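Below you'll find a set of structures to go through.
In what follows, subunit A forms one complex with subunit B and a second complex with subunit C.
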Partner chain A sequence: APALSAARLPLSTGWLPALQFVRRGSKAVTRHWKAMHFQRQKLMAVTEYVAPRPAVPPRCLTPRKERVEEEDNGYARLLRRQVEEVFRDNRMIAVCQYNSMPGEDMVLMRHYLRKHNIEVKFVLNEIVRPVLSQSKYKNLLPLFVARNILLVSPELKAKEMLRVLKGMPQINLLGACIDNTILSRQGVENLAKLPSLEVSQGQTVGALALLPSQMSSLLQRGSAHLTALLDEHIRRLQARETGSPAEPAPAQSSGTH
Partner chain B sequence: AGITFPERTKLKFMEKVPAVPKVKREPRQLRDIRGPSHEATEFTQGQYGILALGGGYLHWGHFEMIRLTIGRSMDPKTMFAIWRVPAPYKPVTRKSLGHRMGGGKGPIDHYVTAVKSGRLVVEVGGRCEFGEVKPFLTQVARKLPFPAVPISRDGLQQMRQEEEEKKLNNQNPWTFERVVTANMLGIRKYLSPYDLRLKGRYWGKFYLKHRV
Partner chain C sequence: KKMASKIRVVLRPVKSIVVRFCPFESNVESTRKFLGCINHKKIQATNRNCEVTADVRHDGSEPLVDVMFADGERLIMKGANLTTIEMLTALGSRCNAKELMEEQKSKKKNP
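Here is the complex of A and B:
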């Protein structure tokens, strides 16, 4: 900035200019950003552009957002399709709470369960919830909160599953949907306590077959008695024919009769 | 629609040294960098161009870069490009390295062209869209020694319109122009007489875009 150096006008003729520019600092046009005088900085700060503010702030004018951000990610669609398939294919679906487990324990658990043809699936709540609310499993909705996993299998192996899960305190069974019936934890335990399918089938068959077998034995009792008596008689005649050693036998047999 | 193609569609080769090299060494005269430009601010033949948003000197290396990049990226059959800056004319002296001050002015080292802010550097036109032209123009604009942007005719018009609107709807009652012309608070003691003309939008070679 030009600095003023006051020059006294001499009384004689000839005069000196009122302003004398002193070479101070760099030129006006520099390659770097030249530092402004503080007064100039203040002036620049005061005279900045102030944008006009609308009477109604734009925040109040657009309430139609409503969180419609569907996006319809292809990936989300794929996951949803997978979840639907899972619900359709498998007979037994158990929902468990999943706390962080050491990796090796996780692998062991998966191994044990896969031996019994039970698969472990990790699902995202935000995908499962809309799928469930649209399908008929509305009552499973409150289960899908916080971290959880699904144990799915086409066979009913509740006993093995419970045995495996008992050894893992980090996984807690919340509920299950077995053969389209929703069971709580107690229900699953009761189901596990039931005998297996073949045994129960055999039991029912045996129970059902008991009555006709009894009936048949009752009906045949008369004729069986008759045949037994006749056999006894034949033996006694044969014994009398063979001789006297056979005599005490028919006497014994007649005594026992 | 009313586009006239020049004879040569590619950019002309610019000489390093003018045909008649200058003998007399010229003073620096940095005022050819300062302030807004008054020449080559509007489009003539082309539709898109590179607008300088600051002052600076272009030397032969810049010219070659522009010429080759644009020549490589454009299609000479459908597009054309023209220079809006003259070939380097201003001699720049340089003293040899490692010498102390004094001993007179150095010899002429090279020639440059001065570019003020608001000037068009090159213009591109033809049967093309801004989207096609913009990539290589931004590439060129980034390499220039001053800030530059590629724009179209509409873009330039819009920029000017926005500037005017800003001036009109500025809510601040205190503007640089008003304060300086009335010399409020004796502020002209700390300002240059050029600030009356530049009105706080220019500082040295820089163009302050965000000031009204």
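Here is the complex of A and C:
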């Protein structure tokens, strides 16, 4: 009752002000983060930046097609050149799908394939696709989706390659380009089943030589038969004329045969 | 939006998966990506006995995913018009449902 009668609020009767100023302690500019004065806090909250809204919300507008620029990255160019080289230099190029394989298996596979002079190359689709579309290998284009690797070799070792790949379930052979011929997986398997070049050459030569030899034996059959009959006849005559010393004309006919 | 490699599928109730496609066709992309995702380390680690086979053909047939579950059920997904994420989520939801059923069965047996 004694405090509230006066208009002014005296400080002595246990009234704490809402704001308290710290007399000692940190200064205005500190190295640590200092809480803002309450009035400043209010001012900052009121004067926050509110972005102007566009008249039409961007969701309603059709999105602009952001063209991926060519960039002509030097690195991309280098990779493209490497791919072109690969396609030019090697006779056998096999495309396989690569699902993630443990590292040691990868190293082992590379080792086995290296023994047969087959190199393993990782390729990026976005680099290979433009190279292929400009070269003559357009039919290989649909193969290059998802992660792929290329197995390239200057020699044709389809059997060994298939054997190595059979042991790796995570690598799936999709197709191959062998001697500028595009083969599917079945084609590669058939190629592996073919006998080697020398054997097939020998087989061809034998087949080719068979016909003329048959023909010559057919043609000679008549005259050979005749000479055989004459020889037999002579022998019988000689056997009958035991003791006649002269050998008549049959010596000529046996000579001609 | 959602990356296909982030979807985790628990392959425990699955016995085998056969992925058949013809790489020279143009509608095989999602199936091939599905195959790639399934062969991820973490998904393979959930079930080492599950055999994932890839059947590469050249007869113009459409891409197919054939999943054989341990209780004899079969799930066939024709990937020609499906996206990778759809296939993965479908497989994942079925696997989860089977896991729940098995857990409930085992709980009933051992109360």
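Quick note on the criterion: the second predicted complex is superposed on the first by the 141 of 257 C-alpha atoms of A that agree within 3 Å, B and C clash if a C-alpha of one lies under 4 Å from a C-alpha of the other, contacts with A are read in each partner's own complex, and residues count from 1 in each chain.
Definition applied: contacts are C-beta pairs under 8 Å (C-beta built on N, C-alpha and C of every residue); 3 or more make two chains touch, one makes a residue touch a chain.
These figures come from a predicted structure and were not determined experimentally.
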{"item": "Which of subunit B and subunit C A:Val29 touches, first, second, both or neither", "value": "first"}
{"item": "Touching partner for A:Tyr49 - first (subunit B), second (subunit C), both, neither", "value": "first"}
{"item": "First (subunit B), second (subunit C), both or neither touched by A:Gln39", "value": "first"}
{"item": "Which superposed partner A:Leu143 touches (first subunit B, second subunit C, both, neither)", "value": "second"}
{"item": "Contacts of A:Thr62 with subunit B and subunit C, given as first, second, both or neither", "value": "neither"}
{"item": "First, second, both or neither for A:Ser223, with subunit B first and subunit C second", "value": "neither"}
{"item": "Which of subunit B and subunit C A:Ser100 touches, first, second, both or neither", "value": "second"}
{"item": "First, second, both or neither for A:Leu174, with subunit B first and subunit C second", "value": "second"}
{"item": "Touching both subunit C and subunit B, counted on subunit A across the two superposed complexes", "value": "none"}
{"item": "Subunit A contact footprint on subunit B (complex, rising order)", "value": "30-31, 33-34, 55, 166, 169-172, 174-176, 179, 187, 189-192, 194, 200, 203-206, 210-212"}
{"item": "Subunit A - residues contacting subunit B, complex", "value": "1-2, 4, 27-31, 33-34, 36-37, 39-40, 43-44, 46-53"}
{"item": "Of all residues in subunit C, those that touch subunit A in their complex", "value": "23-26, 28-29, 32-33, 35-36, 38-41, 52-54, 56-58"}
{"item": "Residue numbers on subunit A that touch subunit C, as the complex places them", "value": "95, 97-100, 102, 139, 142-143, 145-147, 169-170, 172-175, 184-187"}
